[in-house]
Structures are given as C-alpha cells and as structure tokens.
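Every chain is named by a letter (A, B, C and D) in the order it is written, and numbering of its residues begins at 1.
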Amino acid sequence: MSAGNEAAGFGTARGVDTTVLGENEIILNMGPQHPSTHGVLRIKLRLDGERVVDSECIIGYLHRGVEKIAEHRSYPQFAPYVDRMDYVAAVSNGLGYCEAVEKLLGAEAPPRARVVRTILAELQRIASHLLWLGTHALDIGALTPIFYSMREREEILKIFEKYCGARLTTHAFRIGGLQYETYDTFEYDVKRFCEALAARIDEYETLLTENRIWVGRTKGVGVLSADDAIALGVTGPVLRASGVQWDLRKAQPYAAYEQYQFEVPTRENGDAYDRYLVRIAEMRQSRLIVLQAVEQIPEGPIMARIGKVLKPPPGEVYHSIEGPKGELGYYIVSDGTIQPYRVRVRPPSFFNLQAFHRMARGAMVADVVAIIGSIDIVLGEVDR
Amino acid sequence: MVKRGGNDEDPPEKRPGDESVPDASSGASNVLQFPTSLKKVEPEAAAEAAKPARRVPGSAPAREAPPAPAPFDNELVQRLRARFGDAIGEVTIDRKQVIVIVDASHVREIALACRDDEKFEMLVDVTAVDWPRRERRFDIVWNLYSLTKNERLRLKAHVTVGATVPSVTSVWVGANWPERECFDLFGIVFEGHPDLRRILLPEEWQGHPLRKDYDILKQDTEWVREHLGIESGQ
Amino acid sequence: MRTLLIPVLCAVVIVALLPLIAGYIVLVERKVMAHMQARLGPMRVGPHGLLQPIADALKLMLKEDVIPTNADRLIFWFAPVASVAAALVAYSAMPIGPAFQIADLNVGLLFIVAVSSLGIYGVVLGGWASNSHYSLLGAMRSAAQLVSYEVAAGLALVSVLLLAGSLSMKEIVQAQLDQGVWFVFYVPFGFFIYLVASIAETNRAPFDLPEADSEIVAGYMTEYSGFRWALYFLAEYANVIVVAGVATTLFFGGWLRPLTRYHDHFPGTHVELLDVVPAFAMIALALYCFRLAPRQPLRVQKRVMAAAGVKCVLFAGILFAALFGSDAVREGVHGAFWFLAKVGAYIYCFMWFRFTFPRYRFDQLMRLSWQFLIPLGLVNVIGVAVAIVLRERWDWNPFFSLVPTTIVTLGFAAWLTADKLELSGTDEDIAAESAAVLPGSGE
Amino acid sequence: MMLAKLLFYFFALLAVGSAVLMVTRRNIVHAAVFLVTTLLATAGIFLQLEAEFLFVVQLLVYAGGIMVLFVFVIMLVNLDIEMRAVRFNKQWTVAGALAFVLAMQVLTALWVGRKTFHLPAAPAALAERNTETVADALFSHFVLAFEVASILLLVAMIGAVVMGKRRAE
C-alpha cells in the first residue's frame, strides 16, 4: 500500500488502511489511553500476528491552542504557557522562549543570568533524561530503574523548588534575564548533586547496559538511518544516535555554552539501544557542564535593561535551542505591539514522532513501545 | 576561550569586530568541530563554514535596537536568482536572518535546489502567518538548515486564500506533518501532499483556528455538541 | 469413609488457606520489590502493611463486576474459575511434608504437570471471551508460550525421573534420601532449565508477556475486574507455589532437611542436633518482632507486631514440641517446615528476577525455548541416561558418573549461546523479515 | 462402592452430555470447551479404572496439548461469519436414517450376544506400577510399532516446519 511513497524514497505516514485486511491481520488501536504511549498518543497498528505491517500516529488529544493563546497575551504573559508544552523540561522551554524574545528585542541577558540559565537548563536536561530512562525501562519491562532515576530527578526538582518555588512548570527565567537571584546554597546543592550523580548513572548502567535482555530488546529495534533522520527533520539524541554529530549547543551556541568544554556523544546504528547510550552519555556530559558552570558563576546583575513594557520592533525571529528532546525552536513575528503577532513553536517531539512510522515497519508490538520510549516524546509538546 | 557577547549567531551573518574571535564552529581547541558532514567530522566542512561569514556586510552592533529588514545579497542569492529568475523575490536580512521571498508556485523546485545544490539538507519547520488585510494574506514560511554549512535560510511565500501551494514532501519527507498542521490550523492546501488531513483537530472540525478572523473564544459548537454531548466547551 | 476423611480435610485446608497465603505472598512481593527499589512499600494498613492483603481482598470483592458488551458471557464467567480450579487441583498430589498429602498417585508428577497445564484454558478462553484485541493477543501469547515451555520443563523433569526411577512425588523424595544428595547437585542443568521454564509457565517476569502491561495493557486480564480478576491473580500465585513445590520436591529434596546424612543426637535423647535449628530460627524471628513492636507509632500496630512475635514463639514451640513426639509427628511438622522454607526461597528468587530483568520480546522468548532450553534439555537427558548406565554397568560412583554429563551440557550451552542464540536479530534478518511482511516494500 | 458408582454415573453423564452439546453448539469455541469437558470426564473414568497413567496421558496430551492448539486456532477464526453460515440442515433425514440403522445393529448385536456378555474380572496386580507396565509393553513388545509411529510424527513435524518456512519466505 505504500508503494507510491516508496518510489519517492520514503514511506510517509498515510493513515492505516483498515478496509482490506489480509488473513491473520488485525487492527490494533494503542491509546489514547494506554500505559506506554506516554500520554494521549494513539497509534493505529495494522498487525500481521504480532508484526506491524502499517502504523499511524494520531495526535491532537492534548491540543490546547498554545500558539493561538500567544497572540492574545503580552510577551511576558505568554512565558508561563511555554512551560506547559514540554512539561518535563519546562526550564528548557522557557530558555528558548526568553532568548527568542530577547533576540527580537535586540537585548541580551547579562553574563550571570546566562550562566545560571545554562546550569538550570542542563539540570533540566538531566531530569528529562532521567524521567525518560525510567519510563523507557519500565516500558521494556524493567521495573526497578524508574525508582532509582526518580530518586535523582527528585534532587533536581528540589533545586528548582528552592530556586523558584516550582518543581515542574518552573517559569524560572524572565525575558532579559532571570526571574530570581540564586539562593544561598545553590552552588553547594548543585555540586553535591553532580558529584553523586556519576555513581548513580553507573548504577543504571549496571542494571541495563550489558543486560542481555535489555540489549536484545533494544538493539536493532527502530533503526533510523542518518539520511532518513535528516530528511524527516529528526533532531536531538535520536539524530545523534543515527551518527550525525549535531548539537545546537555546539553548532550555534546560546546562553553560556561556548564557555564550557563538553563532547557531543554520537553512535552509529540509530537503533533504540544507541539512543539509550547517547542519552546516558549526554547526562554525563551535562553533569560536566554544570560542574564547570557552577564553579564560576560571574557576579553582576541578573536582568538586562529592557524596559517595563516589552514592545519589540516589527520583524520576525527564529531562535532555537537544543532541548532535551531536540531542536526546540520559536518563530516569533512581531508587529510592534506588546503582543506577539504570531508565535510558532517548533517542537522536537512533533518531528521526532513523525519518524515513528519509519522506525516501526516490520517491528513487533513489543518493539512499538520500545520505539516510542526511545523517541522520548511528550504529548504536551506534540499537540501544543 | 574568549567569551562572546552574543547569545547566538545565525550564520551567514556575523557581528563586525568579531573577526578576531574564533567562530565556535571553526574548531576552537576545546570545542568539537562543527558543523559536521553526515556521520563524520570533516575538517574541510568546518573551514567552509567560516566562509559565508566574511561575505557579510557590516550591520549595527548587537546591543542597539535591531535593524529593520534590509536588502541582502550574496553568492547564494545570486545563484538562486540566476537559476529561478523572477521566482525569487525580495531577499532581506532581519536580525541576522536571511529571508528569501519566493514565488509559491515554484517552491518545490527552489526547495530541491536548496537541498541538493545549496546543501540545506534539513527542513526545520513549515509554518504560516496570517495577515488578513493583505491581498495575498498568508505567509508560508519554510525554515531550512544546512548541516554542512551550519547556516539557516528562510523561504517565504505570499499566497491568497484558496490558492494551493506545492507540497515539499517529495523533497523532505519530514514536511508531512507540519504541512498537515498548516492545513489544519490555517486551511492552506498543499498540492501533492500524500495525506492532507487535519492533524491536531478532529477531522470533522469546521474552521481554521490560527487564522486571525477566528476568535480565540470561537469553537465548532456543532462538533462539540455532537461529540462531547455538551452545549459548549467554554 | 475413614480413608477419605484425611484427604478431604487436607483439601479443605488447602482451599481455605491458599487465598490467604497468596495474598501474603503478594504482600511479601511488594515489600521485597519496595526494598529493592529504595522505597517502603505498603505501610498503611496494619504495621508494615501486614493487613494490606485483607484490605485488598475486601476491595476486590466489593468492586463492580464489569462484563464488556459483546463478551461471550458464559465463557467470560467460566474462564477464571477454570484457571483457579486447575491450579488448586494440582495441589492434590503435592506432598507438603511426609504426612500432608491428599493423594499419593503413582503418577503424581505427571498429574501435577498435566493439571497445571489445563490452567491455560482459563487464560486462552478468558482472553478470547473478552472481545478485546489486547486480551486476544495476550491469550495467543500465553498459549504459545505455555506449549513451548512445557516441553522444556518436561525434559528437565525427565532428567530427575531417570535418577529417581519413579513418578510418585513421595518416592522421588525417598530416592533423594536414599542416595543421600539433592538432585540439584546431580543435574544442575536440569534445575536451571526447570527454573527458567517454570518462570515462563507461570507468566512471571521476565516472561510475563501475556500480561505485559506496557504493551498489551494487561493481556488476557484487560477486561476483567473485581473478583474475577482476583481469581486470575489467585491462580497465578497458586501456580507459582505449585512450580515451586515441584522444584523443591524434585531438586531440593522436598521435606528433607539439609545434611540428611548427619544424624548426631543430643546426648541421652533421640533428638537430632540439626532438628532444633528451625525452632531457634523462629525464636530469633520472634525476638525481632518484639524489638520492633515498641517502635510502632500506633497502639494497634504495636499490638499486631507483638502478636506476630507471639505467633513466632508459638511456631517455635510447635517445632520444638514435635521433636519429642512420635516419629510421624516429628517428621510431619519438620518436613512441612523445611518444605515451606524451600518453596519460600524459590519464590523469593522469582521475585528477585522479576525486579531485575526487563521483559523478553515474543520471538526472543520462543527462540530461548526452542533453540536453547530444549536442545540443552535433550543433551542433558541423554547425558543422565549415559551416567546411569555407567553407574549400573560399571559401578561408577553416582556423583562422578554425572560429572561428564554436566561438563558436556555446559559445553553445549556455551556453544549454543555463542553461535545459535542470537536474541537480537541481525540487520539482514530484520530486513528480510520486513520484506516478508511489507507488501510492496521489496519492489 | 456407592461412591464409586455415583462418580461413574457423574463422569459418564458429563461425557455424554458434553459430547451432545459439542455437536449441537453453533459457536465453535463453545463446542471446543464441551469437547474438553468430554475428554476430562473420560479421563475421570480412566482414573476410576485405576489406569492412572492413561488418565494422566489423557489430560496431558489430549486436554492439555492438542485441544489447546485447537482452541488457539479457533480463536483466530472470525466467529461471526462462521455462526451465520448455513449448515447442512437438509441432511437431517439421511442422518436420522443412518443413525437408526446403526442403533438397530448395536441393539441386535447386544440382544443376540446377551448370554456371553460378561466382563472379565479385573486383574488384581495391574494397579501396581502400571506406568512401568505400559512402558515395558511399549518399549519391548511393541517397539517396532512405537518407532514407526514416532517416525510418522517426525515426518509430519518436518512437513509442518517446511510448510511454515515457505510462507515466511
């Protein structure tokens, strides 16, 4: 049924044909209420026995019209809304939005703010990856890692809570700088956490990395080649696991990333196992960044002088950051008023999820959950 | 490493006076080399990335108010103009971002040229902006990114209501969902799209919410009544 | 009629106690899981959650019994009952100590295997009757899994049968007493195969595919709720106890205590030294309870904890008093103790595996059985047969006659895992398989 | 002895009743369930005859093995279509006539041979270790037949594998 698309080089998702079923074929609806579709994703699977013949992701169950809301809020008013898109990485969302608006204004956050932003964004990346690790392992049937990873994530959320009072939807930054000055023991807390984290990551790896069943369940599953990944607009760890060494923190540095040394881990095979390894390695790198950053937080103001009322001059800007899940971009059009004329969010999960159809071909039902887990989607971001 | 003031740079532009500072992508000692070709880091690619920066004429310092969109020209633009002639409209630079206005009907060919000849391998996003007072009321925006050159490029086309835009799904398969989203929320029809259906809203929904004439409180009351069994979702 | 009285009593005891025992195994499992996962587990109902199973049971009984529309009502109703019935009937041939056995069939082992394999009907029919695709997938997985692993388990059992020369559970234990060694030391690979196969047969992680919650929601149990669901749960845990009992009887000497050949007595009495160990263990447990009791926050919790301690003292008393009773009493009580202790240890291993390993995929599960366990089992059986010939024809020492068998089986296992057992298909495999299932993709 | 008789009639009635239900049910899953019940009831009669090995084999092979695979296959069949399918209802008369003739034959045979119709007394020693007895018989006296049967099964198995393989390729 996908022969036409094959000619064009790819099987693009085209909706599952439910009318003509071969013998032994069944249609299975996974979701929107399913334990491991990570929210309200619905996947229509056409199965031959347990093997996936065709698949279609049906999204939109969490659509709240965030982009429409943005057109009716002033620039600072909209900032809390972005936290609710990728709600497991709210800090990164806020960072992207604030920087995009700053770029639109032609303003720039002071050095202290940029370093603190980097620290919080990297902690958020670790938290997001920890949550991913736990749920992914749970999907594959390992019951224990989630409790270990939640234990560590809790430490990060405590730091967020001490910093801004909120744990999940933090709204940690302000356009032009930071919402709050850091608290007294901020550096100490962050350092202590980072020092403990290395051993903890080793612990997860002991449980999973060389576990025969884990390797068997993830290796060769959901393979995405580098060319496919680029053509599909896939970014983030999924792209890097396919062998493309591309990370916006290096390619087009923002915040204070260019000050720090870190590596961009990549893998070759582009399967679920490589995505796992890439994310684990990324956590280690993020830890290094945080340790470097927290060592020297420059003194100085935390807010740039941007005025009380934000009225960016007319024009448009596209600014993107490397979110935990991939390229998180904001395309903001200003008409010179206090409200954005248009805010377009380029959510990484949306594009990464698009690659699901490609990864799932020929997989088994059990692989489907492994693949969804390995993409690391958040439906709040996909549906906006 | 020397600290830079700008919180980001969008090549091909570069702030004047920044020449002494090594570009993050051109291989400062502590930084991994960027950009990369696929799969392998190639030093040549990194060297190449620095090139477009030198072509750029100077612009205002960063801390002042951003410049108004200014006309822009470089080799890339010239090549595109030479090849597509009138299909390439105005080319401007706004806040260090190159925006190329293109003729909607030639988008597929231009996109193909951008992908294959200019090495913009990745389609980052497809979206639209509604300007209801304009005659050609929609701006369709394609954000491109070149992994080889570490550059961004924005194609923009103005279209009228009801006009169809060629789909670029044959150029980048990744355009599938964002084009569906544009269709869903703006009602823009992409010709040649393999499966142009609503994606975020229910299939039977009437109206396109991101159009400016669609009020924020408005909804498809018929649909709500029928499917949710309530009078109004408000 | 007299002959029937004791078996009927035993049966009533089993049927009455089993739900309670299963409930407490669930509690222990949750506690073990919690402590392996750096948390506390049930703590609210009773001290350390000791009353949790009762609360759970009450809740399940009061819950609404939902039957899906278009479900096959008759079979939907019948399936969980069949599951539980099969699990319970299997106990009738299980010797819990030398005195407590409903019927000593001379084909006892086969009977247990046969009856517990009937439990599959509950799963398959329940999954089918639910009229849900998840349930159907779960049922299909379950049927295929059980049929495959029964073969492997059967081969493991044959290796013991060759050594014991009988199918009667009692005589198998007697054989271990006569030969003076638990069969697990004679046929370690037989035990290994049975361990893996028994986990798979009881649908426990890492082989819990029929109820894999992250893939097919809850498999065959998806549409069940309330008491019917509880019946499935009961059947699962009853089956766990059955396989643990079979493993204990066949490989760990059933009710025999460790060091069966060590018979030193206390001077002047006929009480054996080692027989007092269980009583002292119980007293230690009681002391632990008493130590914890004052630290409980609530009065009722203190009391329950103290009661648990008193109960342990009581058990210790029974174990101790039994030493001075007649031989039958002594062996009955202590045999039951050792049997239950071994069963408990076996079940603990089940739990441990469950919290450590991720879940297999279906094709990997099948490959593990057909390409690894079954060939290994065949080699093992042949090896044991050779060993018996060596022993009987050439008077080899029974233990040394089995050494070559073990080595050969070990080598075979190494060879299988090195070359054959490719759990993750290679890229070509996947390409070939997707080409097979995707119409048009090969064009 | 009363109990034994009661049990026998229970099993016998169960077997016959389930067998009748099995043929009359339209829903083939129900039919399969009744077939299993029949097999189990027959197994119960075997147990009463102290043929413990036979009883267990009946459970293990027929009820636990073959019928599970049956049910497995039946589950995958689209039942709605099957249940709506037209049966061969017009054959009632032919079937009835044949059944009547058969019944008359059996009754005649019973009537004619009623004088010689005595069951031999059960051999007393058989109950002891009947598994071994069966094994001895199979592996010594009937070893050729046994091996022929196993080769037949092996061939069938290989055939099934070959046919299954072909589909995958």
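One rule holds for everything that comes next: contacts are C-beta pairs under 8 Å (C-beta built on N, C-alpha and C of every residue); 3 or more make two chains touch, one makes a residue touch a chain.
Everything numeric here is computed off the predicted structure, so don't read it as measured data.
Chemist: Hey, how far is the Cα centre of chain A from the one of chain D, in Å?
Modeler: The mean C-alpha positions of chain A and chain D differ by 61 Å.
Chemist: Measuring centre to centre with CA averages, how many angstrom lie between chain A and chain C?
Modeler: 43
Chemist: Could you work out how far the Cα centre of chain B sits from that of chain D, in whole Å?
Modeler: A distance of 73 Å separates the two centres.
Chemist: At least two partner chains per residue is the criterion; list those residues in chain B.
Modeler: Correct list: empty.
Chemist: Would you give the residues of chain D that are in contact with at least 2 other chains, written as numbers and ranges?
Modeler: Touching at least two other chains: 76.
Chemist: Chains as vertices, touching pairs as edges: which of line, ring, star, complete or other describes this one?
Modeler: Graph shape, chains as nodes and touching pairs as edges: a line.
Chemist: Name the touching chain pairs, would you?
Modeler: Every pair of chains in contact is listed here: A-B, A-C, C-D.
Chemist: Report the residues of chain C in contact with chain A in the complex, numbered from low to high.
Modeler: Per the touch definition, chain C meets chain A at residues 33, 36-39, 133-134, 136-137, 141, 205-206, 208-209, 212-217, 354-364, 423-427, 430, 433-434, 437-441, 443.
Chemist: Which of the residues in chain B come into contact with chain A in the complex?
Modeler: It is residues 1, 3-11, 24-25, 30-32, 34-36, 38-39, 41, 62-66, 68-69, 94-95, 97, 99, 121-125, 127, 129-130, 141, 143, 147, 150, 152, 154, 169-170, 172-178, 185, 194-195, 197-202, 209-210, 212, 214, 216 of chain B that touch chain A.
Chemist: Which residues of chain D touch chain C in the complex?
Modeler: Interface residues on the chain D side: 27, 29-30, 33, 36, 40, 52-53, 55-57, 59-60, 63-65, 68-69, 71-72, 75-76, 129-131, 168-169.
Chemist: Please output the residues of chain A touching chain C within their complex, sorted ascending.
Modeler: Residues in contact with chain C: 1-3, 6, 11, 26-29, 34-36, 48, 50-51, 53, 137-144, 147-148, 151, 207-208, 211-217, 219-221, 223, 361-362, 364-369.
Chemist: State the interface residues of chain C toward chain D in the complex, per the touch definition above.
Modeler: 72, 74-75, 78, 105-107, 110-111, 113-115, 117-118, 120-121, 124-125, 127-129, 136, 139-140, 143-144, 146-147, 150, 167, 433, 436
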